[in-house]
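Each of the two complexes below includes chain A, the first together with chain B, the second together with chain C.
Showing the complex of A and B:
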């Protein structure tokens, strides 16, 4: 990823700040910046959400489509992640510049959602071995202000929470041809259970200590970071080490501990926010980007 | 709903940054909007002629001087003027010059001949100096400088021929809209609270711990003390200043020494990290606004 250019003196300042547990904006090492979530923001997607984490802006849309299940997993639906790094976010994403980062994010998400205790793909099955729902999760990175992974995972979880899968009125097989009848009522839909879906927590090692939710400047001071996928119950589903630095065993264990406890907190806060959003009902005012 | 470390808000409870304005809001033109039906005006910045109409090419406010019509954009890059104090970041080292990012459309130039080299005022710049350029300033370094000249294409030529300009050491850089910086006689301030700020006309603001000039010889050097640790008190003051300036900028309030000091004082009831919350930011901006207003009346 494109790193911000910083002078040595600025880096020293950030480093000492992290050491003293008082960062440039007054946060402690384990404090997140205020996050804002909005669901139901793209009207022609089945589910959508936008997350703003200080200067990081992420828009996620979910599309549902009917597909045939893979032969090895006939009882499961499909879930696909696609990340698009807009060149609006940083000029480094121009052309194919953002591709590597995009693949990294989508691979991490697919790995995190793969586990069956995390997300029930069987609920997306229509006719075993014949038809299933496929969810296309499209992630658009609009602005890049540090800590992309965490923001993306929050947005993905909110968008899947918001996704409305049409109910199937009847499904029959007639001589090998599948006949599906979707419900006529647009308000007749099923929602997906995301209560055990993970969020990603990135711990960035700056100097000897690790911080969460780094700003773009802080990311430039770090050599290595660890991304954890943590569920609400505190289970760590996936880990990913980014950057070229190395980690000591003790540091890693310490990071896992901190990350897990923060992941639980994140999941709780997101759940509360999503409930609040849902309580507003169908006709809530859309804020989007303009206000 | 406020968790200890994580705080997730929902959009409909969003705080909108508005401070009361005493003047009526001017009419804002959007790009492509017709300004006047007759093309009998002189076309200037932010406008173009399309058929019989004069149209706006940027979003902004119409200004008119006799037959000259232009649109002053709401948001724009920095347009330099001679004598402006700017803060910039070196992006490239070239032969005889550095390229500096100053938030303008084009990178600015800092010629090796328009800076004070270490070791005396009157010294010829030799070939050796040119070879040592990266020793003085390298990519990523921050400098404060003054605009010496503006070229035809709008790019700037900078100089640092005064002891108050030069390489910046430890501190925090902020970026705001250039239009928010109020033009003053002095853009270098040593605030009472224990930090110094440089309000660059280009919208780059530098916050640093106050340096005792008598002991350490001014900011205009090229020496950096990377071993020095900024004390906790100074760090807190700097972080608070940073958040206050961002709070004012979010409410589109103009930035100068008085407004910043007032915001700093009004923010004391909050913890530094609480100032990241939109609601508290607005509160600080409003309090500052009222204090400035009441002062203007008396």
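Showing the complex of A and C:
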């Protein structure tokens, strides 16, 4: 995370703010900053989305490729997450500087999407045991203003929602050789069901209290945070305790409760936003980075 | 010879442009708040983000610092989804390293380096979508980011990629036919990969001084002069567009801040 140098006085100020449920930017402890989502940003990708969570800026592109399924799961397609921390976000990410954080985020995402009930990998199967679709979900972190995990998960879910997988016109096996015919019509595609895909909710412990959606400054005051992957139905599929601090189990249970209820809300809000975006169709106004 | 003609009989290119026409350039300064300067630039379908940090103290080993001028540090990277086929690594491959060193060379010539001895300026560019002329778009975006960061430049440094296309087999204008190859300014991906000679130029546009000139494929010396002329004119056209964007930004940025406070 971006290195923030804060003096003791600044830290105390943030700490007191959190204690009084009145944070530096006027939010309560369980309030998010405004979030902007836009899909179809990159035309070279099969699906893309950009999420801007106040200062945090994330761009996700999904590419589809044909691959052979793994022998242990012949009926399933593949999903791979790759996180790239761009040096644009902070000079500390230059060269290989961002790799540690990138691996942490991509591992958390793969774990969150691993569960069968969360994402239907079987819909990516073309010919069982022979051919399947492989989705490369490439995440680009362009600016980090705190709360990366939540922003990344929102962008990933939006980008997969936006992904257009070409429809297969015919798939036959002739003498052990697979013959695939893709549909010629570029508008003939299948979309993926993300209704039960999780979003990540990070709860950060500052002092004795937990806050949601911390800014970079608030993250610098915290020793430990809990990342939850919550589905729309309120199922918690992954939990990760990160940071150098420690937690009491009672605190963790409380955090899980708060996080789950917030996760349900986030899923609903994202679903509504994506529906609205899709209803505008091809003629929607495109902003990209020019707004 | 390529499978398709780069120029139609009427003298129009694949995307309908004339040979000396640039793609549409849309840009914005100050996209992000954390870097000292940032910009976003679209040149047709090529989309680039640039961020500038500095001048600041030298990061890492102090042996790198220069006593008489600022250290310009550039990094070129491409998003893995930016190209038609997925890229495995966003940076660190040969081509990106070459691009980074070319960028450094370009900007060392444009920045008033002597003003900040023992310091460092970081220029990071990120290609979000690649459709030809990547290096040129990066130079143009980075120039805007440097302006946004308030770093003194000698003048605008802009870049333009030119492809020399074989003339159309038949033409309504016989005179044109005899001129031979035609320089196509601000080449797109399809034009760049057609196998025709390419000429990439970065220049200090006002004074017309070349900073970088790179030729790909075989280019006859007789054609060089005209191609360079076209490319330089392209650089000047880009400069005009950037200058307008900067003036626009400066005219509006104070107003929007005043209105919001």
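We take it that the second predicted complex is superposed on the first by the 290 of 291 C-alpha atoms of A that agree within 3 Å, B and C clash if a C-alpha of one lies under 4 Å from a C-alpha of the other, contacts with A are read in each partner's own complex, and residues count from 1 in each chain.
Methods note: contacts are C-beta pairs under 8 Å (C-beta built on N, C-alpha and C of every residue); 3 or more make two chains touch, one makes a residue touch a chain.
None of the values given here were measured: they were computed from a predicted structure.
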Fit-or-clash call for chain B and chain C when the two complexes are aligned on chain A: clash
Chain C versus chain B, contacts on chain A by residue: B
Chain B versus chain C as contact partner of A:143, first or second or both or neither: second
Could you say whether A:257 touches chain B, chain C, both of them, or neither, answering first, second, both or neither? neither
Mind working out whether A:284 is in touch with chain B, chain C, both or neither, as first, second, both or neither? first
Have a look at where A:25 lands relative to chain B and chain C in the superposition and call it first, second, both or neither. first
Touching A:42 in the superposition: chain B (first), chain C (second), both, neither? second
Regarding the shared-chain residue A:63, is it in contact with chain B (first), chain C (second), both, or neither? second
Tell me the contact category for A:94 with respect to chain B and chain C: first, second, both or neither. second
Steric overlap of chain C with chain B in the superposed model, located at which of 81-89, 207-215 or 225-233: 207-215
Across the two complexes, find the residues of chain A that touch chain B and also touch chain C. 288
Enumerate the contact residues on chain A facing chain C in the complex. 2, 41-45, 48, 55, 57, 59, 61-63, 65, 82, 84, 86-91, 94-96, 136, 138, 140, 142-145, 288-290
Which part of chain A faces chain B closely enough to touch in the complex? 5-10, 12-13, 16-17, 20, 22-28, 30-38, 50, 54, 154, 212, 262, 265-266, 268-270, 272-273, 276-277, 280, 284-285, 287-288, 291
Within the complex, which stretch of chain C touches chain A? 26-28, 31-35, 38, 40, 42, 45, 47, 49-51, 53, 59, 73, 75, 77, 79-84, 86, 90-92, 122, 124, 126, 128-131
For chain B, which residues count as touching chain A in their complex? 1, 3-14, 16, 89, 91, 139-142, 168-173, 224, 226, 229-230, 232, 235-236, 238-240, 242-243, 271-273, 275-278
